[in-house]
Amino acid sequence: MSLHDHPSQPRTAAEKQAIINRLKRIEGQARGIQQMVEEDRYCIDILIQINAIQSALKQVGFSITERHIHHCINDAIQSGEGHEMIDELMNVLKQFSK
Amino acid sequence: MSLHDHPSQPRTAAEKQAIINRLKRIEGQARGIQQMVEEDRYCIDILIQINAIQSALKQVGFSITERHIHHCINDAIQSGEGHEMIDELMNVLKQFSK
Amino acid sequence: MSLHDHPSQPRTAAEKQAIINRLKRIEGQARGIQQMVEEDRYCIDILIQINAIQSALKQVGFSITERHIHHCINDAIQSGEGHEMIDELMNVLKQFSK
Amino acid sequence: MSLHDHPSQPRTAAEKQAIINRLKRIEGQARGIQQMVEEDRYCIDILIQINAIQSALKQVGFSITERHIHHCINDAIQSGEGHEMIDELMNVLKQFSK
């Protein structure tokens, strides 16, 4: 499905932790919404929370895309193998925007 | 922030369970991505999983919106109080599409 | 494809003019981008203009949706025929968010 | 606003024509919707046409982004000046997804 198993430059411990913290928060938000459904809370209040997760996920997606271009694609281009990896990225961006 | 504490017709136990199941799956996906980051997995594979959560959340959002219009807005309109609730919904939809 | 030929309450001349003005501006923007392509302008500058049209179209879409719910759906619900029309709207909103 | 006046490799006549044809179609669609508003056509039918323009514009945006990465960013990276241009692109993508 993808060209590689790992990014061309491993993420630092700090980078990993920053992403994991954001995902933990998203996980907590998903749990919070379950609670709201359990309590039969008002639809609009639930939708506002769903919007909040969507925004948070989009931020995570952007920061991973950003690093991917700055490192993996940058490295691939410098070693003359960029085009296949650019196509791979574009396919994911097209999915993302749906 | 919202006009009500609860939907105008309480969700049935089956309706609640269906939404909660979907949110549990989303929660599990968010945990799975943390694992992928931990293992320093390839950016594109992580982005594909983020896309998957986005789609799943969008589905949950639509089904809650759908029920909200069929029940809450429908009931409000029938008792002549629909317009304020329609404005409330539009505000959330505008946020959603960002 | 749709349930009706016209909105349940005809748009006023002022309402029509407001939407048409916005669409004329969008049409002009689409022409402007052709000019930019003709002059082989920088990709990013073209993308910024495409973003601008997308935002403008989204605004038009929202204002038509808003009026549709306040009038057509409101009227249909009051005469007890709302549900089919709500399903019709949801199908379009699902498309819209793609 | 942007780093350059032109793409690092000029678009061919055929490439320009392909994009301009798509934009002409979009311009025609925007004119068609004005006609529909003039005739007070049903909201949902208008929304379907707005969705169609949105999809068409998204396709144009993707194809310009794709060429930008394959050419401009590729060339900038090979001459060691990629990072600023990647940041520029990410800013536009973030806008695009709103």
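For this structure, a couple of remarks:
We just call them A, B, C and D in the order they show up, numbering each chain from 1.
Here is the rule we use: contacts are C-beta pairs under 8 Å (C-beta built on N, C-alpha and C of every residue); 3 or more make two chains touch, one makes a residue touch a chain.
As the structure is a computational prediction, the values presented were derived from the model and not from experiment.
Interface residue usage between chain A and chain D, two copies of one sequence, is largely shared: over half of the residue numbers at the contact are used by both copies. Contact count check for C-D and B-C (C-beta pairs in contact): higher for C-D. Annotation: 30 Å between the Cα-based centres of chain A and chain C. If you average the Cα atoms of chain B and of chain C, the two centres end up 24 Å apart. Mean C-alpha position of chain C lies 19 Å from that of chain D.
Among the residues of chain B, those in touch with two or more other chains are 58, 65, 89, 96, 98. Remark: chain C residues 58, 62, 65-66, 69-70, 73-74, 77-78, 82-83, 86, 89-90, 93-94, 96-97 touch chain B in the complex. Chain contact summary for the complex, chain C toward chain D: residues 1-7, 10-11, 16, 19-20, 23-24, 26-27, 30-31, 33-34, 37-38, 40-48, 50-51, 53-55, 57-58, 60-61, 64-65, 67-68, 72, 88-89, 92, 95-96, 98.
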